[in-house]
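Before we start, here is the structure in question, set down as structure tokens.
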Amino acid sequence: MEAVQLKAKIISNKKLKCNYWYLEFDSRIIAKSALPGQFIEVKTGNGIDPLLRRPISVHSVSGTQVKLVYEVIGKGTQILSERKPGAFLDVIGPLGNGFEYNRLTKKLDKQKTILVAGGMGVAPLVFLAEKIKSHRPVVLIGARNKEQVLCAQEFKDLGCKVIITTDDGSLGFKGRVTELLKGFLSENQKTGKPEHIYACGPQPMLKTVVQISRENNIASQLSLETHMACGFGVCLGCVVSTKTGYKRVCKDGPVFMGKELIW
Amino acid sequence: MEAVQLKAKIISNKKLKCNYWYLEFDSRIIAKSALPGQFIEVKTGNGIDPLLRRPISVHSVSGTQVKLVYEVIGKGTQILSERKPGAFLDVIGPLGNGFEYNRLTKKLDKQKTILVAGGMGVAPLVFLAEKIKSHRPVVLIGARNKEQVLCAQEFKDLGCKVIITTDDGSLGFKGRVTELLKGFLSENQKTGKPEHIYACGPQPMLKTVVQISRENNIASQLSLETHMACGFGVCLGCVVSTKTGYKRVCKDGPVFMGKELIW
Amino acid sequence: MVKHAKPNLSVNIGSLVLRNPVMVASGTFGYAEEFKGLLDLKKLGAIVTKTITIKPRHGNISPRTCETPAGMLNSIGLENPGIDSFIKNKLPFLKKLGIPIIVSIAAEDDPGEFYILVGQLDKINEVCAIELNISCPNMQKNKLISQDAGETSALVSAVRKLTKKCLITKLSPNVTSISDIALAAQEAGSDAVALINTLSGMSIDVYKRASKIGSWVGGLSGPAIRPIAVKMVWEAYNKIKIPIIGMGGIMDIENALEFFFAGSTAISVGTANFINPRASLEIISGLEKYMADNGILNLSNITGKLKACED
Amino acid sequence: MVKHAKPNLSVNIGSLVLRNPVMVASGTFGYAEEFKGLLDLKKLGAIVTKTITIKPRHGNISPRTCETPAGMLNSIGLENPGIDSFIKNKLPFLKKLGIPIIVSIAAEDDPGEFYILVGQLDKINEVCAIELNISCPNMQKNKLISQDAGETSALVSAVRKLTKKCLITKLSPNVTSISDIALAAQEAGSDAVALINTLSGMSIDVYKRASKIGSWVGGLSGPAIRPIAVKMVWEAYNKIKIPIIGMGGIMDIENALEFFFAGSTAISVGTANFINPRASLEIISGLEKYMADNGILNLSNITGKLKACED
């Protein structure tokens, strides 16, 4: 579906915890067409500071409403957090390719799919989990500490097996989510190893996930982040190196197969 | 008293009517030293849009509180109107020379002083009226229409005689405040003409007031407005031509004697 | 009554007639296809394509863009599929739109490449005009053609001999005197000049102690540069006779009017396309309204019509 | 532990030793007296005065300033009381501060005026350095001295013969190659270059159809020009050896660090003084903290220390 630009009514915009917020806006047309892994380009405020839109993943969709989860880390997200329900948000979306799962997961048995989320990386994976919940994906969540573990319950409610790790050990295992992934894979050698990894999070984490998936030759899909000026494929500013040359993260991605990337 | 820069707590920030707002902030030091005709340089929002401060006259002072009345006409005043009580406002003030009245009005009998206000021009004159109320100044207020007549009651409460005119006649006389001034002066030829005019408003109005006061040789003081980059005399950006050369409206003014100005 | 007379938005640029004076700037509109669904492309005055070179270019390493105060830096490095692939894969969609297509071209190493490119484009009817991009700051050259009046005039006059199509020369603001370069382009036979390309700029991530742009330096665009662009249009307008296509930070109708008053015959919307894809169309309708409200029947009545400011 | 070692903020600019590298830019700080009560002046690294000419100047007609996206235009026109009145009425207050005073000077018509001004200032002990403003865009000249390498070098070498005081040459960004001009100043004996003065710009009130500036054109300053300034500092740093005093849109410590990494030995705060009079002092304490937190003992360890950006 082609992306559209529209002013969508803000239904709710609440603090989740720490600097994490979730925002719901109403747009039948976007809600109907959005796929897991796609994102929205949001004009956070009026005026020219910040000048550019901000890309935010579709966290989930219910009825005509689109839900975003975002972390306040700078000007744009700060201003976004100050927007009030009832106001209209200038959005462009849905954008990007989204995760590939139908064809892939159809043939998979239960628990053969692993979702790996680092920090805010959970955002697009909830939507994906919803779509493939019948396969009971295993979700590995990593965060700095207890407070920053997001959406765990949402995954559980979808029937996913959720394993958590934190850098400081304040919740679940202690250590990085990539170590958790390594451990999980070796444990499950015998019980038949997983066949597909979906990951979203900081670039260093994604790079390690790709390595791991290669070593264990498991197919992987990564949702990337780069600085985006337009978000819909026109400025050529957001490229990443792939085996077939530069690709636009906003249009050819944000989801890439691990094997495509030159990492 | 030297101007100071400080973060002052916003006590209230309410819409008066139309696009007119009044804001009270708490600052003992500014409240103590502010004089009628002086102004405050307000950083309306954080961030760089708008970049510069906005000059707003001191409308009045009560206890430790300073009151501003402002019209929302653009970016800066729009953002100012969105600031919430309890938040801190970055202000510099009091700035400018203010009206001269002690020496002048001491010798005057009652009703020998006229205050002429055009539109937002009422803002600094309320504070002045308070100081010279014992002289029962006559206040001529001009506005586009009924809705835009401001502070009339405040002047009355101070015991001033208030005469109103509107461009569309929706309140008081019909016509410009400068015509009202002409009429008032001719009427009072016999009863002994006024001896001092204080005026604030749009530049064209002020120019006419100066002409009238010259024709009737009455002393006049005008509060001027120019675009201000700094507001405290350093950028030399706000100059006006006077008999003694360029003068800075922000520092040598904003109040000038009619006879000084080359108009 | 004048107020209700339908204003005429059309303008001429050399042999090129535009139904309205609002174009989209090279490199900010791709090959238009990306905007399908975001706006009615047929309403645009003209489309200027991303700059094309002879061979395909992969462009510069990332990161290629970053945000700056009221602006942005880009260092795309003229990534493009090359002229043959452009003609084969991109031009057909553009042709179908039925609006003027202006193809922007650049040389990678040798000015001679311009001759080859012009030769190929001259044969294509739907290409209404050719824009010579001699001002791209992102090709790690120590000097741009448009930074030297002599080189500018040499190139333009050589190209002039190769085509009768409308020739637009796009200039760099990174010069001591924009009017000298604009004059050189005019004397050499350019039908118009496009002002301005981006200003060379740099932004540093103080935490990483590194430039935010992979190739260190980028081109500054957006509202931040508008006063610089308006001034250059005004300066050039007072020195040259050929039309000026003004651009630099135009976001809305008010901004566009600044450029007309400063002396632009047409304007180009760039960075704004990323933020509000409909900006160009909103400017067209805004212009219609402005002219109707002010009884202006023809754009020539506002181009360069700047009054002295009485305080 | 390194973390707790007291960082050394002092820097040398020619013969001039600054306790810290944060100055206030010419024309944005008047003669300091205006800031009395707004900040502790004694803490500044140095004060650069408003540019002084031989005769008093009334300056340009108003309006003289307007706001632009993330910036402002000014066309003050070097209003100043003239050198004699400056020495008599302004200098005494500055002397009392006991911090380095840098006097900015300019010629109205003839470069020779610089010789007279330098002659007078050379005799005054408290004047630690002289800044040659050959880059003011607001004097209705068609060309500035700093827009020509030859003229720049001629002026600087002539002045160099007249004084042993630290000589700073302030350059205009409105040039094709800033490093060529900076190099000319260095070769002619300038102790440092100050980068950058304002960019020529224009802003139009579309309702009045007039320039917002009475003298039509003004100089653009503020955050909007920071990427341009940082780039020019970086370009000059890679070509010259003498210290660079960097400025252009510095509002806070982060902005200041950009200029140090780009190659500035010292920085100057301009427009920010109008918005936050304490900006310069906040930058000084921010710099102390940054150096302490990162175990940087000496500013020479960050000046020009820019890493390649790994994506």
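Note that the chains take the letters A, B, C and D in the order they are written out, and that residue 1 is the start of every chain.
Quick note on the criterion: contacts are C-beta pairs under 8 Å (C-beta built on N, C-alpha and C of every residue); 3 or more make two chains touch, one makes a residue touch a chain.
Bear in mind the structure is a predicted one, so any value in this text is a computation, not a measurement.
Identification of common neighbours of subunit A and subunit B yields C, D. The chains in contact with subunit A and with subunit C alike are B, D. Chain centres here are Cα averages; for subunit C and subunit D they lie 34 Å apart. Averaged Cα coordinates give subunit B a centre that lies 37 Å from the centre of subunit D. For the pair subunit A and subunit D, the distance between mean C-alpha positions equals 47 Å. Contact with two or more other chains is made by residues 48-49 of subunit B.
Across the assembly, subunit C contributes 62-63, 69-71, 222-223 as residues in contact with two or more other chains.
Contact topology of the protein chains: fully connected, every pair of chains touching. Contact residues on subunit D toward subunit C in their complex (touch as defined above): 61-63, 68-71, 73, 143, 147, 174-177, 199-206, 208-214, 216-218, 220, 222-228, 230-231, 234, 249, 254, 257-258, 261-262, 302, 305-311. Considering their complex, residues 27-30, 34-38, 50, 58-59, 62-67, 69-72, 74, 76, 79, 212, 222-223, 251, 271, 273-278 of subunit D touch subunit B. Contacts from subunit A toward subunit B in the complex involve residues 47-49, 75.
Within the complex formed with subunit D, the subunit B residues making contact are 2-5, 43, 48-53, 90, 92, 226-240, 245-246, 251.
Residues of subunit C that touch subunit B in their complex: 69-70.
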